[in-house]
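Sharing a structure, written as structure tokens. Questions coming.
Labels for the chains are A, B, C and D, by order of writing; each one numbers its residues from 1.
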Amino acid sequence: MTAPLLKLENISKRFRVGNKELAAVSDVSLDVAAGETLGIVGESGCGKSTLGRMILRLTDPSDGAIVFDGRDITRLSKRAMRPLRRDIQIVFQDPYASLNPRMKVGEIVAEPLVNIGMKRAEIAARVAEVLKVVGLPAESADRYPHAFSGGQRQRIGIARALAVKPRLIVCDEAVSALDVSVQAQVLTLLRDIQRETGVTFVFISHNLGVVRFLCHRIAVLYLGRVVEIGTEAQLFETPQHPYTQALLSAIPEAGAGRRGRIPVPSGEIPNPINRRRVARFTCAVRVFRTNAAAKYPRLPQIRTDRPWRATFPGRMRKARIEHRKTKE
Amino acid sequence: MLHYATRRLLGLTLVWAVALIVTFFAVRAVPGDPIMVMLSDHAGDAALEARLRADYGLDRPLPVQFLAYIGDVLNGTFGLSYRYVGSTVIDVIRDGMTITPLLALSALFIAVPLGLFFGVFAAVRAGSWADTGIILLLVTFISIPSFALAALLVWMLSLKLALLPVAGWGSPAQLVLPVTVLVVGPMAVIARLTRTYMLEVLDRDFVRTARAKGVRENRVIWRHALGNTMVPIVTSIGLIFGGLLSGAFVVETVFNIPGLGRIAIDSVLARDYPVTMSIVLLFTVFYSLINLCVDLIYAWLDPRIRFDEASA
Amino acid sequence: MTLETAKADTLNAPAPRRGLSDFQIRFLRSRNAMIGSIIVTLVTIVALLAPWITPHDPTKVSIMATWLPPGGEHLLGTDALGRDVLSRLIMGARVSLTVALSVLAITMTFGTLLGMVAAWYRGHVDNVLMRFVDIIFAFPELIIAIIVAAAMGPGTFTVIVALALVWWPGIARMARALVLSLREEPFVEAGIACGTPTWRIMWRHLLPNIVSPMIVRASLGVGMIIMAEATMSFLGIGVQEPYPTWGGMIRDGLPNLRTDPHLALSASVALGITMIGFNLLGDGLRDVLDPKSRGR
Amino acid sequence: MPIDLKKALGATALATAILAGAGSAMAADLRVNIAADPSMIDPITYSELIAGQVISNMYESFTAIDADGQVIPALAESWEPLEGNLGFRFKLREGVKFHSGREFTAEDVKFSFEELLRPGNKAGLNAPYLDVVVGADAMKDGSADTLSGVTVVDDYTVEVAFTRPDVLFPIYPIYLFDSGIVEEAGPEWYNKVSAGTGAFKFENWSRGQKVELAAHADYWGGAPAIDGVEFAVIPSPETAMAMFETGDLDVMVVDGPSMRRVLGNPELKERAITAARAQVRYLAMNSDLYEPFKDKRVREAVCRSLDQDAMIAGLYSGAAKPLYGQVTEGVAGYNPDLPKIEYDPEKAKALLAEAGYPNGDGLPPIKLSTTEPNKNQHLYFASQLQEILNMPVDVELVERGTHLKSINSGQTPFFAWGWSAGYPDGLYFLSQLWYSDSPYNRGWKNAEFDALIDKASMTADNKERYAIYHEAEGMLMDDWGTCPLPVSTLMATVRDGVSGVAIQPSA
């Protein structure tokens, strides 16, 4: 196996909120191989966007290292980071907010090209080329974003990310703001692009269904840590972690699979700022609280290449029962 | 809330300290020499000049002068005036210290209700000719320079109609013209703000609900809508008060009122550093205190604002 | 002078996203904006053409033709030195606008730049800058103007410096507020993510998106600066001879209000109309550009 | 109600004082405007003109000036020079009462002089007059506690000894005050009480608003006909005018722009009283700072470009007098025979060309500096010089304090200014402005002129001394050392029912 294109080593991110500390991402380690699509799923607020932003160095990790193509980029200055930006691109969630309303589409798509110092004539050609790749007419370049629909705009965002032929694209909830039918089109587009260019994707989403469609491997993020990681098949067929199970049950077709219904946690996600307030979905929290030494246990290296978070089954069961009670 | 108020006060003290330092050195950077002004046409008498300079401590190094000034501020005299020989600054500005705030506050207390009234009146009749008329009038009020307005009023009311005294200070009648001149601009500003916010509020659901429930129109406007309009207007009152303090410079000059504004201009021109510094400090203190009050009132009016978290 | 600040700040926070044609339609529909722009255009034309359209040399002293009443060769009469009042009014427009536009250019450039930098880098840069702004705000602006005027001696340059000093913090604060909300926008992050240098992010992403609220602020600002300049001239610390200014003309005319009212009145009217023009234009632009006040 | 003109109130030449034995049928207090708040109201620190207008009504000197500008005895009834003109023996007036009720004696003279010289007393304008007194230096540097040059002979006789002759000493306006005042009101008595012998005593001072004086019933010249005077501080002439018209002022001192209004209104004009100012005005041309002024022809060209008659008509509405020398009419030593300086643009151009600057070519740029109130005059000068001589001149407005410092330290090349008589004698103008060693020299220096001035200060005989003045003044004018400028008239208007008001011909 070749060295992974992207390697996250024990990445953590803590924010200060007043006197308290919010752990958005805790001790996450992930590898992404070249040409692979890694999905990162979790509910909103679980830290997956922060993770994505850290890969792009839009946010600096508090601990840990980000290694891209064998090079530690964790502490690179903004300036030193700039040449690397050619290799790592991002597609944002909001197709409206992620395009500057004051720039023409052509300028938007050209922006990364300008940054790498491409000549004007070449830029124009490349812009036309990527617009075609994402399925937009060449005239689009002269129009402003407000003239396009959500799906079209997201194509513009993808075109921008593709323009410099990056090796890694982080898609941060890239389709979640779109209608279901449009989602499918965009996802298909992404898959086709990968097939043609061999680009690596890190696909962040709260939607397991979407992830399943696109991703080779999937990591499940809960309260800032990876609770389970595995191939698409492993994860969907044999989810190990109760949270994964819960997530799966939220998707009708997946949840209706072999395992039968799994109680779906409802209500608010536990507040990562103050764990004492955790009220409903208490399983993982209990574990952390009761075993201080094993507070943040490492993922056991399982041969199957499918690590999952060590938990305490007895307590877990109890938690589940408790949860039922609260629900009834 | 209390915590917030204390912290704001601490912050203010810092601003005042900086103001003290900045004004001390800024005023001293000004060309011109108080001793020369004291000597007037007899400047050039070196012996007299040296003596005065020593008497006033102006021959000492700046840091020493600064420390001396801080001492004077702390003991409440604010030091000796350069212009009024043998008088302390507090003697010079004592009358002005009540006059200018009195002028500014009376203007404020007249301008706010009047402005609210006109603003609501225009908003309720939005789009009508009355509205357009009021808007034009308000723009005119905002646009007319206070000195021009003052001259016009003196000419009309005092000279032609002989209704009011031309200038001076002391009787209630002498208060009418200067306060009127001061009121006009801020009143128009408040009215315009009120109209804008009022229109916005009148469009909101709770107002419609109230109307739908059959609440009388007057009550809808004055209780439901205006109450909500007050919050953003209160925030602008600090700035309006600052404008009034500035307006005092012109009004006091035109109407010959011995307030801080006129004393300030006189003292700048006469290089009366201690008086200038003290007035600048006082204005800064008035202004910042009013702004503090405004923020506190704002907090009180709008319970959604939680200062302790907002500042984190 | 800053009474409008609060309003402009609170109303213009979000960045509008609209095309030009949309803007033009609403502009043409706005009565205020139309009247205002007509007045402003006229004043601007007069100011631009001033050297060629004055009937007399505005600085020409005719000691034997002082205090002439309006009419005849001198349409608006002459002043204490026998100078033609109409010519001085026309030149005064040029001086007022020059001062106002210089101050605007300086404060808009520096205020916007500093506000953007503060909002962009945050942390200490922001803290230092904003404390500085707070301190300037803690002084009534006329006090600052007076101190500067006293320090530098009166003159056009002094007026510009003093007013710029008073004006930039408001601009900086507004730019900062706008950029603070803007910098969280994904399109800005997208810029960073694709390696756009900071200066170009400011130039291409931030600046164009704060321009329209800043323009509203500027158009209201012109009127206020003209008024401030007139007030400084009125208090004797403004633009100096031989340049005619409206504030100076009012001041020189006031003592003769009863014998020669045309002196103070003509300048007052010119100043008033110009102020009304800029205020109407500013109001109109705000209505047109501000999403919150749309449809009103 | 008829009012007697009892006594001149304002007694010093420094003040624009209202000479009023004035009375009013209606108001008990006479209300008069002053243009600014006085800076002080005591005779020691007294150092500016506005204060002088107030103080001169409360304090007196050895001599006073009558309504015609003549020196008359006041607190000294007579005086005689000591040997070699090195001092004077003054015979003091008897029966003079201070505001406190105490009697004025020779001890008070000694006390007043000593207080003026005592270090730490921030003495103002009057102290320098004492420089010639024996022991003054020792007093000033603190090495002596009494003034050795002053000898109290008896209660009403005092001798003042000089280190050099100073024949004009008796007419110096040195205010004499009460030696018992410190004991009575403490060392900080300055702003609380008055300690003079004048017709009015201090009552109240509301800073920035008014100074109120009350009649001094025991005044040696007879009690004033009015109960008091209220000096209202009114910086704006327009406001003053408005207040006069609404009856809020009894007497209005007319200033600048109001003059036109008064002269143009028959009703007001009828009420106006005028007097010449004891002031000279001049255009200073400092040849050390502007090379072309070294040439007498350039200076003459400048002077011939200015039309005094047009200025009087256009700038002063006629209320001014032309000046052709440097001693004003009405001041002792005035020369009525000085030739008129003709306005002659052609000759001015020719002179400039002769000096090597045809049509102004080669003249370096220069600033004509002044303060705000003198703006219009200077704009006129500049426009004339630009038009006739094509001289590259610009008007520069400077803050008053800065301007004074600059002109008094000889750093301003070109400016017009006035000089008010500190005492009513022509020597004041000549020695202060054009004497080489004067701290106020205005940029023209001449050794022969200096010698004449030295001679004059030792010449006790008036006629002889005046002849020396004329010679020196002629020398100054022949060399075009300065361009004399018109001097505006002092003017006041008086309300109905007020009579007996006169203006003192002074500054």
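Criterion: a residue touches a chain if its C-beta (ideal position, glycine included) is under 8 Å from a C-beta of that chain, and two chains touch if they have at least 3 such contacts.
Here the structure is a predicted model, which means the values were calculated and not measured.
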#### Entry: From chain B, the most remote chain by mean C-alpha position
A
### Task
Decide which interface, A-C or C-D, involves more C-beta pairs in contact, and give its chain pair.
A-C
### Whole-Å gap separating chain A and chain D, where each centre is the average of the chain's CA atoms
90
#### Entry: Whole-Å gap between the CA centroids of chain A and chain C
49
### Whole-Å gap separating chain B and chain C, where each centre is the average of the chain's CA atoms
22
### Summary
So chain D residues touching two or more other chains come to 236, 399, 402
### Task
Mind pulling the residue numbers of chain B that touch at least two other chains?
31-32, 159, 253, 269
### Query
Which residues belonging to chain A are in contact with no fewer than two other chains?
none
### Task
Within their complex, state which residues of chain C touch chain A.
15, 17-19, 185-198, 200, 204-205, 208-209
### Touching residues on chain C, where the partner in the complex is chain D
59-61, 63-64, 66-67, 80-82, 150, 153-154, 236, 240-242, 254-259
### Task
Spell out the part of chain A that touches chain C in their complex, as residue ranges.
53, 56, 58, 78, 81-83, 85-86, 88-90, 92-94, 97-103, 107, 111-112, 114-116, 144, 146, 157, 160-161, 164
### Message
Applying the document's contact rule, which stretches of chain C touch chain B when the two form their complex?
### Response
1-7, 10-11, 31-32, 134-135, 138-143, 146-147, 150-151, 153, 223, 227, 230-231, 234-235, 247, 250-251, 254, 257-258, 264, 268, 271-272, 275-276, 279-280, 283, 292-293, 296
### Complex contacts: residues of chain B adjacent to chain C
15, 18-19, 22-23, 26-27, 29-32, 126, 132, 135, 139-140, 142-148, 151, 155, 159, 185-186, 189, 192-193, 196, 199-200, 232, 235-236, 239-240, 242-243, 245-246, 249-250, 253, 264-265, 268-269, 276, 280, 283-284, 287-288
